[in-house]
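Two complexes follow with chain A in common, the first pairing it with chain B and the second with chain C.
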Partner chain A sequence: MNAILTHAPALFVVLPFVAAAIAALCPRHVAAWIAAITACLVLALTVGYEISTEGARPLIYAFGGFAPPAGITFRIDDFNIIPIILISAIGAVAALHTLGDGAHEASGSRGSLAPALLLLEIGALLGVASTGDAFNLFVFLEVASVSAYGLVALGGDRDKRGFKAAFDYLIFGALGASFYVVGVGFLYMSTGSLNFADIAARLRVAPAPQLEAAAYGFLFTGLALKAAMFPLHGWLPRAYALAPSFATALLAGASGAAALLALARVTFGVFGDAHPMIVMVLQTLAAPLGAAAILWGGLRAIYAKDARLMLSFSAVAEAGFLFLGLSLGTQAALAAVLVKIIADGLGKTTLFVAAASARRLTSSTSVESWRGAFARQPAAAAALSIGLASTLGAPLTLGFVGKWLLVDAAIARGWIWAAVIMVIGSILPVIYVGRSLERVLFQPGPPAPEGVKASPFSIAPILLCAAALVITGVASAPLVDAAGSAAAELMAEGAR
Partner chain B sequence: MNVDLADLAARINNIAVVGLMMAGLFITFASGHLVKRLIGLSIFQTAIFVFFITMGKVTGGTAPILLPDERTPIYSNPLPSVLILTAIVVSVATLAVGLAIVVRIKEAYGSAETDDVAAADIALDADAQT
Partner chain C sequence: MSLELALILMIALPFASAFVAAAFDGAPDARDAAVGLFAIGTFALALMTAGEIWDGRAPALTIASIAPGLPIALRAEPLGAAFAVISSGLWLVTHVYSIGYMRETEDLQQTRFFAFVSLAVAATMGVALSANLFTLFIFYECLTFATYPLVVHYGDEASRRAGAVYIGILLPASFAGLFAASVWTYTIAGRTDFEAGGLLTGMIDANLAGLLLVLFVFGCAKSAIIPMHLWLPRAMVAPTPVSALLHAVCVVSAGVFAILKICLFILGPEAVATAVTREAMTWIAAASVTIASILALTRDDIKARLAYSTISQLSLVILGALLMTPTGVLGASLQMFAHAMAKITLFFAAGLIATSTGRTRVSEYAGVSTEAPVAFWCFVIGAASLVGLPPFAGAWPKLMLLNGAAEAGRPMLAALLGASSVLTAIYLFEPVIKGLRPGSGPVASRTSAASFGAMAPVITALGTIGLFVFSAALAAFLKPSLL
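Entry: the complex of A and B
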């Protein structure tokens, strides 16, 4: 047991990769079971690791015993342990969904590839969140992206627009990774190191302003593409709307979060919040573009008729909140961003899985198909309603806590305009969330077709997610405190 | 503005890299055929490989091999080349997935021209709205 926990950082990445290779060779049902069991094991591993290393972090896991900076390391600290648990939880929900209502979405010869790709994506995203090596981060980003292209393209079997969405995603994703790797090249030129902690230390001793500026410009652009910052978000709405629901549940919940986390680590952990280039990029790029994303995503979500397209544009707006939060550059804002990432991740996963369950009963993807959902399937509709309420930022949900902390941080920083934009961005969802909630809760709808029932493999996990949203929303103090100390640790790492 | 020609000549690799990158980026977005867009992407990525490999070059340096008489020769930095070995694998994988998707697009839409696919998509979107 002890040995397992010692090597947990390696295991929670390697285990899904190995299981993916096995699952791809198995028949469909076996593959889905392998994915579900592995994803749950990974979740148990990350939670067990968090509990057993409480107070002992940051921990450096050196692969093959090669000490940093020469060897590749995973660095688990207070800042990334929360997102690591979040990603593995979302992965478990998505993998269980392939056993439940998502099962019919990937059929035939591709039935066993879907769980395999899902496992690859989970492992790679966990790698992105935990690695302490700049080039290793690129490799994990690309493993995650290549599996994501495959997952989105699976949606093309049902709707051929899915193929084009996957192609566009591939073009933007590959460009984003390429920009990132150019930035790593400049970092390597200026420091001769690839280890984040080592780069940070060397930049303090021997600054190279021009190379640093070039490096950060490329790193920021690349990771902003991956995290879908407006106006680089063009690939996102169609990819999320047309992919199979288990793929969207994982991508919408965890993949943007992982890219944004990497960006936060590079920005505040390596360069530091006082670096002139950081201040310039955050204030002149991230802040206005984040604000624009909040408004643009919110408006497009109002006009979307398709439920999944509406949720995707809502994800664009939420990425805007995160970028605007990052651009504040204060410790309180970083903590708020962390809370918002958790709220968005749990909320989006719940919504996409619940939407898929609702669609099985009505075989339509429009918001109108949610009519009478509560009468038809109360459990799924309850999860759907709580997810929608959290997207709206209704009190007693984690979505409210995240938005509240962000607005608070903006006011504390003196950016009243940012606070105003965030408040407007919280009012826009009233229209589309209100419309959806009315359909779900109050409007009468057709009864469920005979013999079709929502699967507990889909519903039970999202009920847990919805419960987590409410519990952390009501008793938010422990999570907010943890996010605060996590942000403090990251800021201290990059302090000059 | 003074342009130091000797300085420019010393950075000829960077100029070539930027030229290739821009050409690749232009092809990626301006080309009318999906396969050509992937080729543009490949050119863009190849430019980055050149950037990394030339970064590690030391003038007069050889491969980093320990000679039998334990002399240490002047050698180029092997690390960027090793990194690029990985990046090439990644880029080949991306290209393969991209080409596979183009094959499926061609099967589903009957064309791999950007405009045809976009027009078909717009028609499908209009259908989905009603």
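Entry: the complex of A and C
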């Protein structure tokens, strides 16, 4: 048991990767079970690790026993442990969904490919969140992206536009990766190291302003592309709308979060919030573009007729909130961003899975098809409603807490304009969330077709997610405290 | 029973009542009786809590904590406790009335109606008992969500449009105003507790106070101050008991209650007095009083007339809160309660007249006094109270508001208050005078003048007299909360 916990950080990644290889060789049904069981095991592992290392973090895990800076390390600290659990939880929900209502979305010869890609994606995202090495981060980003392209392309079987969406995603993703790796190159040129902690230390000893500026510019652009920052979000809506629902549940919930997390680590943990380049990029790029994303995503979501497209544009707006939050550059803002990441992740996963379950009964993807959902399948509709309420930032959900903390951070920073944008950004969902909720809860709809029932493998996990959104929205003090200390730790790391 | 338990039960009982109502879906008699018992229980608890406060205790309870300085907490103080007593008491009366109304109109969604009324009352109790602005905001939003299904009760196109306007005004206004100003308060003070003398006193300058005042007053769009009032006349498509509930028990009352409480305990008298926008807001409230009265005059539909009357009468409360003189604030508080009692009487009476004689327009009111005498005379009492005639509840607050305006050295406002009473008299006594004339026989005959619900307006009409008699006691009870 002890040995498992000691090597747990490695297992976060190794376990899903090995299982992915096995799953790819198995028949479809077996592969789906392998994915589900592995994802649940990884979730158990991350939660167990969090509990057993309470107070002992930060922990550095050196792969193969090679010490940093030469060896590759994973660094698990208070800052990334919460997102690590979030990613593995979302992974488990998505993997279970392939056993449930998502099963029919990947059939035929590619049936066992879907679970395998899902596992690769989970492992790679956990790697992105855990790694303490700049180049290793690139590797995991690429594994995550490549599996994501595959996952999106699976949607092409049902709707040919899915292939084009996957191709667009590939182009944007490759661009992002190139920018990131060029940034790593500059970083290596200026410091001679690839280990984040080591780079941070060397930057203080021997600053090289121009190289650093170039490095950060490339790193920021690359990661911003991966996190779908406006106006580099073009790939996201169609990719999310056309991918199979289990893929979207994972990507929308976890992949943007992982990229943003990496960006936060590079920004505040490596360069530090006082670095002139950071201040410049955050204030002149991240802040206005984040604000634009909030407005643009919100408006597009209002005009989207397709439910998945609406949720995707809502995700673009939420990414805007995160970027605007990051650009505030204060500890309180970073804590708020962390809370918002959790709220958005749980919310989007719940929504995409619930939408897929609702879709099975109506075989339509428009918002109109949600009519009467509550009468047909109360459980799925309840999860859908709570997810929507959290997107709206309704009180007693985690979305509300995140919104409150972000606006508080903006006012405390003196950026009243940012607070105004955030408030407008929380009003826009009134229209599309209100319209959706009215259809789900109050409008009559057609009865459910005979013999079709929502699968518990899809419904039970999202009910748990919805419950988590409410519980953490009512008694969120522990979570807010944890986010606060996580942000404090990261800021302190960068300030050294 | 411990006082803290009573606090939480005042919210939990109506909340549970909703689920009990849903559970008894198939047995209407058991359902209505059960909800009635819950209403009695809530009312009793509210009275008990008020009694404890009278004895000098101040029960408080923290339910959960969101972040440092942001607990979901309850605390009973005189103003909130009085609001809880009036609201839960009127819930009980409304319930009696609704049982009759819903059965008479053979409503198809009775269970849903009773369940959401219960939820709305639970949220209102939360608003009344909130210990801080954060908690108040949460319950305020819950109230919006709980009342939406009531507004769209009939499910037809008109109801759905009314519902869209209802949500479309209340939610954005609360986000842009109440939410933003609440967060701002938290950013400045690090907490949002309601404190005697005002939490923000000494922490904000006149400009910021002015901005926060605007955000708070317009953010509480439930108060229906012009121009945030558009949802209220439209929401009249809902059944009459819902109108009674929106106007007197829950929504509009909760809106002005929130504004009053925020002015007293968050901004504080000092900040309100110095706020740069105070003058403008005072005139907006005054304009709201006058314009709504004039609009009421032009409405022939009796429910629409009563709706505009609510806007006018409750803008008076906001006006009183902005005066921030001891008499003005006391007058504002009493006006809130007096209006609730009188307006619910008017709605009950108008609803009974409509169901028993089929008359829904002022122009059709001739003969009402003989066709539905009980309801008609209750209507007269309610009207007299709203106008401010003794011996009815509305008399004292009108007098105090006049005094308050004079005290603040605002003769213009005092004159305007007098004029608004005259307007009230015109738009409410018009149906009364019409009703006294002989009619040409019922427009549509429906048998029910002596139904179960016919007691309700009698009870509330007696209530307006009771409030008049016990005004001094109520004022003494409220005193520790006010200036």
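Keep in mind that, in the parts below, the second predicted complex is superposed on the first by the 495 of 496 C-alpha atoms of A that agree within 3 Å, B and C clash if a C-alpha of one lies under 4 Å from a C-alpha of the other, contacts with A are read in each partner's own complex, and residues count from 1 in each chain.
Going forward, a contact is a pair of C-beta atoms (placed from the backbone, for glycine too) under 8 Å apart; a residue touches a chain by one contact, two chains touch by 3 or more.
Bear in mind the structure is a predicted one, so any value in this text is a computation, not a measurement.
J.: With the two structures laid over each other on chain A, which partner does A:Phe17 touch: chain B (first), chain C (second), both, or neither?
T.: neither
J.: Thinking of the overlay built on chain A, is A:Ala166 touched by chain B (first), by chain C (second), by both, or by neither?
T.: first
J.: Can A:Tyr61 be said to touch chain B (first), chain C (second), both, or neither?
T.: Touch status of A:Tyr61: no partner.
J.: Which of the two partners, first being chain B and second being chain C, lies in contact with A:Tyr188: first, second, both, or neither?
T.: first
J.: With the two complexes superposed on chain A, say which partner A:Leu396 touches: chain B (first), chain C (second), both, or neither.
T.: The second partner, chain C, only.
J.: Where does A:Ile411 make contact in the superposed view: on chain B (first), on chain C (second), on both, or on neither?
T.: second
J.: Which partner does A:Ser476 reach: the first (chain B), the second (chain C), both, or neither?
T.: second
J.: Within their complex, state which residues of chain A touch chain C.
T.: Per the stated touch rule, the residues are 393-396, 401, 404-405, 407-408, 411-412, 419-420, 423-424, 426-427, 430-431, 434, 438, 442, 474-477, 480-481.
J.: For a test of understanding, state which residues of chain C touch chain A in their complex under the given definition.
T.: So the residues of chain C in touch with chain A come to 64-68, 70, 72, 137-138, 141-142, 145, 149, 152, 155, 160, 163-164, 167-168, 171-172, 175-176, 179-180, 183-184, 186-187.
J.: Within their complex, state which residues of chain A touch chain B.
T.: That would be residues 135, 138-139, 142, 145-146, 149-150, 153, 156, 159-161, 163-164, 166-167, 170-171, 174-175, 177-178, 181-182, 185, 188-189, 305-306 of chain A.
J.: Note which residues of chain B are touching chain A in the complex, please.
T.: 25, 28, 34, 37, 41, 44-45, 48, 51-52, 55, 79-80, 83, 86-87, 90-91, 93-94, 97-98, 100-102, 104-105, 108-109, 117, 121, 124-125, 128-129
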